[in-house]
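You will see two complexes here that share chain A, one where it goes with chain B and one where it goes with chain C.
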Partner chain A sequence: MTPIVDIQNVTRSFGSKKALDNVTLTQEKGTVVGLVGENGSGKTTLIKHVLGLLKPDAGTVNVFGMNPVTDPVPVLAQIGYLSEEDILPAWMKIHELQRYMQGFYPTWDQEYADQLVQEFGLDRTAKLLTLSKGQRARAGLMAALAYKPALLLLDEPSSGLDPIVRRDILGAIVRTIADEGRTVLFSSHLLGEVDRVADRVAMIKNGKIVFCENLDDLKETHLELTLVFANSRPVPPRFDRAIAAEGSGKEWSIVFKGTTDEAIAAAQAIDATIAEHRWASLDEIFVAYSRPTGGSE
Partner chain B sequence: MTRAVPFRMTFHAFLWPLWERNKLGYKIAACVLFGLTIAVYLPMSDVTRQFLSSVYSLICVFLTFTVVGFVPYGMGIQAAAQTSSTYAKVIFTLPVSNEDFVFIPILIAIGGFTFLWLLFVAASIVPLHFYFPVELPIIQAAAMVGLTQCCWLLSVWKRSLVALSMLSVTVVGFLQFEVMFGLLFEGTAPVARYGTAIPGGLFFRSDEELVLGVVAILSILMAMAVAPYARHQASLSRWKLPQRRRILATSNPAPVVLKPKLGSALSAQTWFEGSRRFILLVPSATVGTAFAFLGLASLLESREASMASLHYMGPSYLLSPWMPLPLLLLAGLYFAVLFGPTSPTAASMKGRNHFKEPGINAFVAIRPISSAQLVTARLFMAAKSSVIAGVALAVFFALWPIGAVGTGGNNATVLSHLVSLPTIQNLLLAAVILISLPLLLWCFQVGNVFMDLFGVKGWLIGIGCAGPPLIYLVLQFMDGTLYKLDFLRKGASVNTGLLEHPDVLAKLIGELTIAGVVLIGIKAVLLVISVIRIRRRKLVEDRNLIAYGGIWIATATALVGGFYALLPPGMLSAPYLALIVALVLPLNRILMQIVTVDSNRHR
Partner chain C sequence: MQLHITTSDGVPIYLQIVNQIKYLVASGRLATGDELPPIRAMAEQLVVNPNTVARAYRELELAGVVEKRRTAGTYISSGGSPLARGEQERILTERIDALLTDAQQMSFSTDEVIHMIHDRADNLKTATDPSKEKR
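Showing the complex of A and B:
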């Protein structure tokens, strides 16, 4: 089956800065992929490649089997997009926004759009300029969802918004997933959100994909260990398959990639005992890959 | 007690953002200055040098009015189009007094302009030994900057007052028009009027200086008065007012008027472009300025022969055999040049792309619509705006005679024109010209947008450097003709001079024709490049490309045929008309727009 999003070996630079470095990422129909990474890691650049707003220097991007740069119309007709940036025209009223969008998308469902407007507590006669940030985000979400796009792209949709709006956005993602065959690619700093809705998580760092795994697999292969040493250690222990280490003296916390048995074996190899172990949270995995301090012995 | 912020710190706080925003303008001005200086010091005959001094005196008069005029106009448009001020909002919150808040930016702007102007004087006017009132452009800059500051603060205080920024256009436009008509009907010595006794002659040496001086003082005083209110308004939280409106709207929701569904992406995008309230700004500014001209001309006609000419030639030329052509085309060209490239239509086309640079707004860029259709929607919108402006201008020209009658003095002359019935040919000619006006306005609105999308900086700096040496080469090429154009140096008007020297006119036309043909050649090469790019990227289907070409040829043929049939025999031959139409009517510039829109969309 052709993947909905197929990014192969994409490299893109802005001047001397490499924003994407040989990135490969595929997404199957009906899946939710959460894109995580620090600010400036390349998440937005990657999403803009999917939209066709950016052209790769090398590699290929195909969406629905088409190139979004050379065939933008059929690709964009199936994509709903909401970004952290407020790109909605301030002069428009909500009902004008609905009318405008309707012209582009034959699948626009006015009943659903009105339902979302009501649910979000928006005034159809209000100008976008007069809305608060949260309400403009809701208006953007309504505009991105009402034509039931086959692919929903959300670029930091919850950033800077209050918990109520974040809940609305999350609810919309959940509802979109509930519709059979709908695909969501979203980037977020809020790992709790990713944890709740994503099937797969891709982490991007300095323009490179660090990992792209099923969320359950990811969590089941990463352990948070508390290691105790007989003697105090001035530097973090170098530990086979450790991603990051934190602590001081005799006690160190390690994020470890592998099974419990593998962790025990690795600890024994450096004369340490495991005082405590549990599955690492997504948050801990993210921080560990962002700032790795450990590594293979 | 709060200590006052030192003047030096306040000055720097304002200087830095002003420099950041205007540095391109200053760089371009410096390049132009450099180019002009080179041109002055290049070897040339005495005749050419003398002619150059005439040309430079005209540049002094005309360009300073134009360039300085565009600054406030552009700023007004920016404020209107972007619903935000041209300054960062943080500037309102700086701990500075209202006096400093108003005066320092004015001081910096006038200082910057004066510096460049004096450099120009030193580099060009002094070596060429011609007289020009050095203080005039400085007074003008003071008036424009004061007016800009005043209009901006008024619009921050009361959003609806943004239209006042058009005032600056009226004043500048009036002065430009006066200079233009002075050149046509009074001769090439625009400074001849200086030194005559005028009210306020102690400080100002001409009507223009008096008007500008009063404008400067009044606008700075007004800015001072408005500054506290504007600062208070700007310091309110962004959505305090809207929130109140929202509560009101919720308590008593206004019914939504359901409009017909937009059936296609093109119709939705056309609605989007047309729904922007800026569409009426071009017509209203055009007509508002036109009527303001009429009023100002009435006030000054007793003092200025050119104003009297301006006022009375309306009715007289409309009813004379062929003079509507230069008058109306000149007026149309003027409005098109002034309102076209800097128009809100053009401004709205630029938008901001996802890189915060001029380009395609991300909201539009992600819609499922082809780049060619995006451009088409904009062309429709510009056409709509131009047609409204054209109709409004037609009303203005129709009302012109009435205004002239009301001013007295030459009633008998005007009435005698009114009673002489126009011929059918004259009416048809007037109709063709009135159709050409919106077309011209449209051409200027849509013609240069691609440059902004393309990255205009390099072009402008290139033109700034290459322009003046190019002028020098053209002057050398035309040296023989320039010798015969010496009547210009002697102060005769263009009108009289050319009519009295038909041989010079013929030679001039011949040389301009060669230049026109060269330009057509360049345009043809660029057209081929655009078509190749469009076909390579499959931006437009071949049959649509052929249709575009067909429409262009049909329009050009209709214009050439119409003018040729209606103009007096021998006035302009068909090839000349074809050359003019081919130069003005955009084809490649529109195709380039499709290419640049696509490049901006997919970077």
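Showing the complex of A and C:
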């Protein structure tokens, strides 16, 4: 089956800065991929390539098996897009926005649009300009969902929004995916949200993909260890499969890639005892790969 | 049925659902024949990916905790009780392991811990004895 999103070896520079560096990412139909990375890591640039707003310097981007740069109409007709920037025409009223969107999208479902307006507590006669940030985000979500796009693309959708709006957005992702065969690609730095709704997590750092893995597998292969040494040590312990270490003196927290047995062996090899071990949270894994101190001593 | 999903530790969400439902069965809050919410409803209630709920239900079915019926519902299976006993043991074993680890860190011997458990059990018996109830 053709992947919904198929990004192969994409490189893109702005001036001397490589925003994307040989990025490969594919996404199957009916899955949710969460894109994580620090600010400026390349998340938005990647999403803009999926939308065909940017053209790769090298590599290929295919969406629904088509090139979004040369074939934008059939690609964009099937993508619902919401970003943290306000891109809706602010002077429109909600019902005008609905008619406007309906003109562009033949698959627009007015009944569903009205249902969302009601659920989100939007006033059909209110101008977007006069809405709160949260209500504008809900209006944007309504506009992105009501034509039932095959691919929902969300770029930091919950950035700067209160927990209630964020819950609406997550709820929308959950319902979208519950509808047979629809696909979601979203970027977020709220890892708790990624954890809840993503099937796979792709981490991007300095324009490079650090990992792109099934979320459950990722968690089940990373441990958070507390190591205790007999003597105080001035520098973090470094050993194989230790992604990052944090601590001081005799006690250090390590994010370790591997099984419990492998962790016990690795700790023995450097004369440390494991005081605690558990699966690492997505947060801990993310921080570890952001600031790795790994490698052998 | 109320489940609680946390993203602050590393336990995969499907496993949190599996463990909590097993716990509810073991503690008798879910009984044979009780119906679990449909995948979509559960996903919307917990605000988690429906694929995750589907995986949890599959694992529970494999473990014999639930069964799918022809009418497309998921129910707590009748073979629940012997499994519940095993599950009860698993839950206690986990707590005992945590206790023994702490004890070891603080240099208490296993005998000392057992002694303390007996003390606490006596204490608890006195406290819950209605004839000696306070208030």
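Note that in this section the second predicted complex is superposed on the first by the 295 of 297 C-alpha atoms of A that agree within 3 Å, B and C clash if a C-alpha of one lies under 4 Å from a C-alpha of the other, contacts with A are read in each partner's own complex, and residues count from 1 in each chain.
Rule of thumb we're sticking to: contacts are C-beta pairs under 8 Å (C-beta built on N, C-alpha and C of every residue); 3 or more make two chains touch, one makes a residue touch a chain.
Quick caveat, the model's predicted, so the values are computed rather than measured.
After superposition onto chain A, partners chain B and chain C are found to sit side by side with no clash.
Contacts of A:Val210 after superposition: neither chain B nor chain C is touched.
When the two structures are aligned on the shared chain, A:Arg167 is found in touch with chain C, with no touch to chain B.
Contacts of A:Ile270 after superposition: neither chain B nor chain C is touched. In the superposition on chain A, A:Ser281 makes contact with chain C only, not with chain B. When the two structures are aligned on the shared chain, A:Tyr81 is found in touch with chain B, with no touch to chain C.
By the touch criterion defined above, A:His222 reaches chain C but does not reach chain B. Remark: in the superposition on chain A the angle formed at chain A by the CA centres of chain B and chain C amounts to 150 degrees, rounded in steps of 10. Set side by side, chain B and chain C differ in how many residues of chain A they touch, and the one touching more is B. By the touch criterion defined above, A:Leu129 reaches chain B but does not reach chain C. The minimum CA-CA separation between chain B and chain C in the overlaid arrangement is 27 Å, rounded to the whole angstrom. Touching chain A in their complex are the following residues of chain C: 5, 7-15, 39-40, 43-44, 47-52, 55, 105. Interface of chain B with chain A (complex): residues 83, 239, 242-243, 245-246, 249-250, 253-256, 259, 261-265, 267-269, 271-272, 275-277, 354, 361-363, 365-370, 537-538, 601-603.
Listed in rising order, the residues of chain A touching chain B in the complex are 48, 51-55, 69-70, 72-77, 79, 81, 83, 85, 87-92, 95-96, 99-105, 123-127, 129-132.
Interface residues of chain A, counted against chain C in their complex, comprise 31-32, 167, 170-171, 174-175, 177-178, 191-192, 195-199, 215-216, 219-220, 222-224, 275, 278-285.
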